[in-house]
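These are the structures, in structure tokens.
You will see two complexes here that share chain A, one where it goes with chain B and one where it goes with chain C.
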Partner chain A sequence: MFRKRRRKPLDKRKYETVDKTVSDVFERANKSSDFTTISPFEKDHPLQISFYKTLIDPSVLQKSVLPFLKEKASAIMELSDLTNMIPIEGIKFTKDYLELEKALHNGSVAVYFKDKKDEFALLNINYARLGQRETNDTQNEFSVIGPKIGFIEDLTTNLHLIRDHLSTSDLIFEEIVVGSRAQTKVVIAYLDGVTNPDYIDTAKQRIQELDVDTSFDNTQLEQLISDNTKTPFPLFITTERVDRTVGSLLQGQIVVISDKSSYAIIGPGTLMEFFSNPEDFYLPSIIASFFKLIRIFGMLFSIFASAFYIAIFTFHFEVVPKDLLGPIIFSRANVPFPPVIEVLFLEVTIDLLREAGARLPTKIGQTLGIVGGIVIGQATVEAALTSNILLIIVALAALSSFTTPIYKMSNAVRLLRYPFILLAAIWGGLGIYVGLILLITHLSRLKSLGVPYLLPLYPYRKGGVVGSFVRPNYVNYNKRPWYLRPLSLKRYFPANDKDPDEGLNTE
Partner chain B sequence: MKKRKQHLVFFLILVCIVSLLGCARTRIIDKISIVHVFGFDQADNGDLVGTALFPVYTKSKGSDQIQYLEEQTPSSVLFVPRMGAHTSTPVQLSKIRVLLFGKEYAEAGIQDMVDRFMTTPQLGTNIQIAVSTHSAKETLNTFKKEKSLTLAERIEHNMEGQSLPTMNLHVFLNHFYGEGLDAYVPIVTIDEKEMVTAEGMGVFKDDKFKLQLNPEQTALFSLIKDYQSLATFKIPPGEKDRSEIIIVKGFRSKSNWDWDSKEEQINLRLQLEMTLSQHSRKYNLEKAEDINKLKKIIVTNLEKGVSDLLETFKENEVDPLGIGNIVRSKDRNWDEESFYQLYPTLPIHVNVNLQIIHSGLEG
Partner chain C sequence: MNSIVKESNMVSPYFLFFLMHSTQTGIGVLKFQSHIVKGAGHDAWVSVLAFGLLLHIIFFMMLYILKQSSNGDILSFHKDVFGKYFGGALNLFLAGYFLLFSLFAFHNYIDILPVWVFDGITPWEYSLLLSVIILYIVSGGFRIVTAISFWGVVIPSFLLLSFLYLLQYAEVSYLQPVLQYGMKDYLISAKEAAPVFLGFETILVFYPFIKNRETSSKWGHIALFYTTILYTSITIITFLFFSQGKLEHLTWPTLTMIKIITFPFLERFEFIFIFTWLLVVMPVICITMWSAIRSIKLTIPKVKPTYLLVGLLVVFHFVNVQLNEIQYSIPFAKIVNYSGLIFLFGYIPFLFLIAVIRKKMK
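This part shows the complex of A and B:
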């Protein structure tokens, strides 16, 4: 009944259209209107150049290629003469038509003899930043203090940002090309001598074995290489912050960056790491710890608040303090629905508002706040569709779900409350208990790059539990988490004796 | 395949367990009648009269809308179904804060009712049980006129910060069913201004109400029984001249019981820490001898008061202090029947050790 039908393995590289010859390459490229072939010389000169004009930098072509070509056109007898004539780095010569096609798509100009199409000179003058945004502020992960640089949708810029922050020769970038149609560059970054090679090999193997036509974004790639694709929880940390990425590299984690994506993914990820924020490391540890605990509380509150509302108000009214009974019953007295309908109504409303807010253009978005907050909130209570108390609880729960710094995690938290609401409506407190058991079972079975997701809580790892709930003091915790098996453990030595007894103003 | 079937069976069992356990009736918070105080009386024909106060929160946020129900049944089990006939929503007992017995019913014996408390798991045990000098019906009616539902608070704060000894249903059941101790409860009464007042305590002998203590005796009792009794004492009790009155307030008290099995007598050593709230001007507290004089007056008065109190217990053959239980813990051959034959003549020596921690300032 449950058996899966086994499929035949797909043919290797099925989606790729295969070119057989050089003329095939040109023939198909010519179908596109942006493919240009010109002969910039006297009529009978045999030299020709071809390129996609949407991919190259026209000013380089005008200033550094064409003038030199024209000047000495008559002197060119062999393609290799071009090396001395054109002041451009990276002139390649090839006879392979596959390489030619790839180079054309990367923004190269092919120079060749009209009647002898078997060797090509490839001048790389691509314009990578064409169409890229100029600002690289973080768009979704904010912090009050600390650097505000984020990644943009360009691989070289992103790699530059990382290399700039972490200028050491230990930082290794390994490039893999993914996608058989559009060949997206994916880079795995790690610190040599720190990161456990197992993670690198696992990630590399998974990415290399991918057989997809295009990878739009890193977040899509993340799901393709994830250990468990059916879970709502993100198994890798997706971040657009450079400081967070560099921090994880230093911890001994790997970072995967891909072209045309402004998100880096960090692995292996553990659950508690999703609640820490780069800002934690810029604030004093006691303050940072407090806010981290607030975030963890916010996550729990967001999942369980409305479920407990239902469980208590449908089954266990005994736990309500006597003085609270009056206000609660009075506010619910006119509501015609049982608590579960009331809660579902409000929760769906909040999610609608949220989804609408995320899709609306910014200028219209402001009106949404008024519509959502004031009109709907106030009106539903006055129309006796929900009680005042529930409105407060649901609003607080929605608010606290936004405290989770990683967007994917905050989505998972938002989704999780629905099963709990339903369980609480059917079985009350017992239902919440059952749901909790299922949730913990699920979490403890998850893995990220082969590392247990609940680490260091389960399996228990000594010395890591404190660090997952608070941000420990730098002086006491100068090591990398050993349960992530880094190759070198010690990170730094804090300065000794920072509070000497003898000072300038000693009395 | 076999393993998968096993999993399926396990899963079905789990589903059954969970779904069957969850077959509870929903009790939506605004669709129930929550009883706040329940009173018990005895009718002339031997039936039970139950009275209950329900706050009607759906009409007002506060507790000024109170519904009063009275039902006469031959058995206590029938109270809830009979009351349900009058209410628009099901009656729920889980939030009862105070159980009140009319004095007449308490004197006739409450064994069957207390047995019923044991078999009603909805009742919490951290609730108050009290006896009213008037009938429970009258008390609840007066209480309803006050338009507040603070009877439990009224009793509880008197236990915490005043002279009532601490008690709740949990402790009451231990005293009621335990060997070598008798149950005691706070007493509420209706005063001249038609107010419900917490006043003194009463002691049960077995299941019958036997003895009522006045406020002074209650304060002394709480001094012996509780660790932190904040009761105030006027010394000497009969003094009319205001300049001569000494007032002390309890702060901490510890009682040590000693059973002398050879001579069959009990020594009670009371270690008291008290604050001196008011004293006569003729004593200069900076002089040690004056303090000792003061202490002596207080100690002799307290010793006499405690001895009189113990004498009263012995006369009435009640044992709310659990002396029988104390002796049982020291004597292997203790036997309830023979001990309580001895009890009325049992000599108890009281020794008070007083320490005044400060004077004047009110804490």
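This part shows the complex of A and C:
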């Protein structure tokens, strides 16, 4: 706060063990037991092939490489003869040992002369689908109606899914390699002529400047390129749904997908977007708006409910009307603790249940509901550790925090209630409002890819506010949200109601 | 320090509305009615309306002064006209005035809490708590201050609905007969009404941060007009609600009035009112604080703003803790009121004259 931190100059050195020569490459590869070198021919034939057997597709090797090689082995005088011999596309020839090493790790077979290791033919027969899951229905973002296709942990499949849903040549994929040790492919997708180039440049620059050894998952990458890493709020939308991804591409946002990750990240994210769900767009607008408002109410209730309980019963019991005071006193009469202990006890219990539920195998998970809901809940009330009313409030608050569609946001909402509980316990209603001001200030400070997080509420943008609380009618909502500064605003020309002339005026 | 504002730090013109309106509203709104009846009695709303309309002229003068200055703020105007040292001294005076105003708003809110809500918590706790928020907001820079002034107008707006509830208790005969007092009485009322309107003079410092300055002044006029209409309606509703005899003896007429509202789940609505008022008070404190810091920063470039902010908050904290008796708050209110009046109706016209003469000489 007071002193500007000096940023260390980026270290130029990459990966410590770098191979210098071709023999280094082979020597180190040979240490691994899955690296194989075979001479498939008569003993004196100089041709050899090497590969990682864990990365290649063995059936291709057996069916399309070895038979052809054996057949005409004696005819091979130079490596370039292989092109006409083996029915595999994209045979590459290289003399560069770095390229050789990279190709071996990508599942290529290297063919070369035993005594002349300076040129290599690289046959790409990798088995990318090995170990990938077959089902790709959405696991964590569920919708009752609408498509249920989700991403899986494979880049090619994910790109295929997007390209398949949005078959236009405006859709651009740009690949960047991240990581100095394991080289992960990261793809930035956007719509040419729609997405604001500022976002593309910002995202590209941030990803290119990354210096990490490896990126495990997109959700980790998201934190590395985030505008503010010290906030509990997710600044990018993480989704596994294809329809949501395609929808945001059409809105003018960028999507970052990376290899080995089943989550796409969408940026720039704005706060209110986290409370919308693809299902909103499949339901009639009135019903969808109602559900969206319920979700927003759920978020507010979840943050403030237990804090208000504490504030009222610690400091401001005079705000409770006479008639309501009776049942509350009756339920709290035997509880020996102050409200804050009571609330913290229940809140921590709920979070324990939730965490246990997330870690347990699904088959045992069902017992958790019985243990948590019935045994602990009922028993704490009967043992007079908490009041009945509080149990209802805390359970409702937990329930409403699960209505948030994006998992990362629902976690943030769950976490936020603890500071409010503590503030309410110390300063009552004033504490809650102080927390509220700090929260608003914090949210106003946040930015996602350089775009204010609270858009379109602050800075207020005309036309966006309605869309952040309800789901507008398609007939009225044919433009892209212009607070995202897309290059083209109009999205489609809607059809009007099909039967408009009825009523008093046309009779 | 660089006195030219970067484009990325500027805010859209319509924020001028929120910035100006939010600096005018403060704790004064909760208690000004019982002061203004001293002069024109039940006709005092006329004074409120007239005073509010008069401010448009002052605002016009301010804009004229700002237009004549080299950087678009009063700080550069002072230096242009009075030279580096005397102008710098005037800037520091201005900063002192803003700090006084900021401290006054801060002090006032801390005053109200023990009276209406808590009596067990000592003032140093509130003071420390609010200092933390002010530190967090003001250190975020002008855009964050603007954000707080935006939310500080939008969120408390729902409280205005409560005034509609009060209309069912209105007694129209309390306002009659209309216009029966003398000129002097109206002037006394207007003078008493002045403190609630003060605060918008901070525009003299933050105006360079507004985009498209030529066209944005209409938002300033709208803000002033909205404030005037709001205060006049609150005054009229209060006069319809209380008889004059009763009103004289009330310290916080607005809150006393609000007390009548109850819900099946909420007995004392004024609690919500007082706590939400924190959102109304915060922009006043933060904008004046920010303006003061900017005035000092541009006069003495060596001072680091964050240190200055922390230092000022420490001073504020000690003043709030030590001087929280009523014998201090009444003279304090008087000092702020008079210095505000002198600033608006003495100093601004004086600068306006200088600006006109300078324009003519060129």
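As a convention for this text, the second predicted complex is superposed on the first by the 484 of 507 C-alpha atoms of A that agree within 3 Å, B and C clash if a C-alpha of one lies under 4 Å from a C-alpha of the other, contacts with A are read in each partner's own complex, and residues count from 1 in each chain.
Just so it is clear, contacts are C-beta pairs under 8 Å (C-beta built on N, C-alpha and C of every residue); 3 or more make two chains touch, one makes a residue touch a chain.
Bear in mind the structure is a predicted one, so any value in this text is a computation, not a measurement.
Quick one: on chain A, after the overlay, do chain B and chain C clash, or do they fit? Just give me the call.
The answer is clash.
In the overlaid three-chain picture, which partner chain does A:A75 touch, first (chain B) or second (chain C), both, or neither?
After superposing on A, A:A75 lies clear of both chain B and chain C.
Tell me the contact category for A:R332 with respect to chain B and chain C: first, second, both or neither.
After superposition on chain A, A:R332 lies in contact with chain B alone.
Of the two partner chains, chain B (first) and chain C (second), which one does A:L504 touch, if any: first, second, both, or neither?
neither
Output check: A:P459 vs chain B and chain C. Expected answer is one of first, second, both, neither. What do you get?
It touches chain C, and chain B stays clear.
Does the superposition put A:I437 against chain B (first), chain C (second), both, or neither?
Touch partner of A:I437: chain C, not chain B.
Return first, second, both or neither, reflecting whether A:R445 touches chain B, chain C, both chains, or no partner chain.
second
One more residue to check, A:F313. First (chain B), second (chain C), both or neither?
The answer is first: A:F313 touches chain B but not chain C.
For A:A495, select first, second, both or neither according to whether it touches chain B, chain C, the two together, or no partner.
Neither chain B nor chain C is touched by A:A495.
With the two complexes superposed on chain A, say which partner A:A358 touches: chain B (first), chain C (second), both, or neither.
In the superposed model, A:A358 contacts neither chain B nor chain C.
Does any part of chain A touch chain B in one structure and chain C in the other, and if so which residues?
2, 315, 318, 320, 322, 427-428, 430-431, 434
What part of chain B is in contact with chain A in the complex they form?
4, 18-19, 21-22, 24, 26-30, 32, 34, 36, 55, 57-63, 92, 94-95, 97, 122, 124, 149
Under the touch definition given earlier, write down the residues of chain A that touch chain C in their complex.
Per the touch definition, chain A meets chain C at residues 1-2, 315-316, 318-324, 427-434, 436-438, 440-441, 444-445, 454, 458-460.
So in the complex, which bits of chain A are touching chain B?
Answer in residue numbers: 2, 312-315, 317-318, 320, 322, 325-330, 332-333, 335, 338-339, 426-428, 430-431, 434.
Note which residues of chain C are touching chain A in the complex, please.
Against chain A, the touching part of chain C is residues 11-12, 14-15, 113, 117-118, 121, 125-126, 129-130, 132-133, 136-137, 139-140, 143-144, 147-148, 150-151, 262-268, 271-272, 275-276, 278-279, 282, 306-307, 310.
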